[in-house]
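The structure appears right after this line, and notes come after that.
Order of writing sets the labels: A, B, C and D. Residues in every chain begin at 1.
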């Protein structure tokens, strides 16, 4: 799993590539979790465009960030879900609590226009 | 005679990918769609992950993965000699987990993605998950004929 | 303790891909380049193909693939209980094949792509191919230090 | 392994996709071999652009077509070799007897200009 993160003001963008499972969730914990814990960070845009596989461990990691940010009044936005990944995320009920966008730009626009914040 | 392959491996996180890939490769002999192969990958991933987290929480153990093709059916059996399950009925409930930070989604995914599955376990002895799946295409064909 | 996984499978053509993928997945725990992982795939493919063609020419048998990591070294052992090899020295010659339409490239590829390999066989009992490989990066690092 | 073939006069173009090994060589035997046996066919352009893996079984299949066509005074031209595939083909000595091109067009041009025929 390759992970890069970028801070845009109070918005954290995390881009994941590869398979998110019990092996690679470790990288998520090391690279994404501490960034969401920075003071001020409320919104996480999770770009899963290059994620080809996810299972319940990956779902657990995303949900963990959602719960953490929700307490701070924040949100998690999902970007670029491939069909197999989307199926799992949907079945787990995540799409009911996290909006989904086709690109980072669209997600950023929504936040900018204050619909989500 | 149908195809048969068996994997024994240590209960390490970095072996889950191997199990999943091997299962999808084995299954591809049958006429599964890419979508169905992805479902098989998820089911195997969940069963193997459960062995790592639940069956062998403290020390590494062996996970056995048996893969067979019988007729047009794929049969995958994941077995551990770990802690076992006290109340099998309880863990089969959706969203049930004995670990606080877990969500109880694993068995639910297996249930959704395989045609059927059986869970048998004896506390202190270990757990066996048997999973069955036939390609949808074939089921449709059979229905069309009958 | 190093990682360990073992595959037993029928000597069928459509299981070669499984063996190759599993080996590459297992090997990826070490710091191999993509190029080296491809080399491992070829070596495993050749060893397993030899079992299918040469060891069990008439009826299916079992192929055992043992994979270990010891320190920074990958050890893959492919074993069959097939016909065995009469003259091990002879088959190790490049371009030597006991089958007319074959080219004798398989063992040469294993030799090129792995750091070292050992072939042992007993006619009528079976054959064992042991293959070893350490990531180049690591060898360079060690040389730089010493 | 996905295989498509196309006849351009006496030139057979075969496009392979996937992994060429002992499992898939069967498809090569069924789809490519009979086409090369058509009367008149002398040249085989083998497009391996989408082949991600080849081993000695695949080499054997290609060499078999080379030997067959050579007897008819023909040739095999290779197109689009990916790095790992090229390495194997080179090690097996195939590049010494079969020219390699980056595209089907270039291979066809060479034949057209009579440098190979």
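Just so we're on the same page, a residue touches a chain if its C-beta (ideal position, glycine included) is under 8 Å from a C-beta of that chain, and two chains touch if they have at least 3 such contacts.
These numbers were taken from a predicted model, which means no experiment stands behind them.
Q: Taking each chain's centre as the mean of its CA atoms, how far is subunit C from subunit D in angstrom?
A: 27
Q: Any idea how many Å lie between the Cα centroids of subunit A and subunit D?
A: 46
Q: State, to the nearest whole Å, the distance from the C-alpha centre of subunit B to the C-alpha centre of subunit D.
A: Distance between chain centres: 41 Å.
Q: Touching two or more other chains, which residues of subunit D qualify?
A: Where subunit D is concerned, no single residue meets two or more other chains.
Q: What are the residues of subunit B that contact at least two other chains?
A: 14, 17, in rising order.
Q: Could you classify the connectivity of these chains, where an edge means two chains touch, as line, ring, star, complete or other?
A: Graph shape here is a line: each chain touches the next, no loop.
Q: Go ahead and list every pair of chains that touch.
A: Result of the pairwise touch check is A-B, B-C, C-D.
Q: Which stretch or stretches of subunit C touch subunit B in the complex?
A: 1, 3-10, 12, 14-15, 17-18, 21-22, 25-26, 29, 60
Q: Help me check something: in the complex, which residues belonging to subunit B touch subunit A?
A: Spelled out, the residues of subunit B in touch with subunit A are 13-14, 16-17, 20, 35, 38, 41-42, 45-46, 49, 52-53, 101-103, 105-106, 109, 112.
Q: In their complex, what parts of subunit D are in touch with subunit C?
A: Interface residues on subunit D, with respect to subunit C: 19, 21-23, 26, 53, 55-57, 59-60, 63-64, 83-84, 87-88, 91-92.
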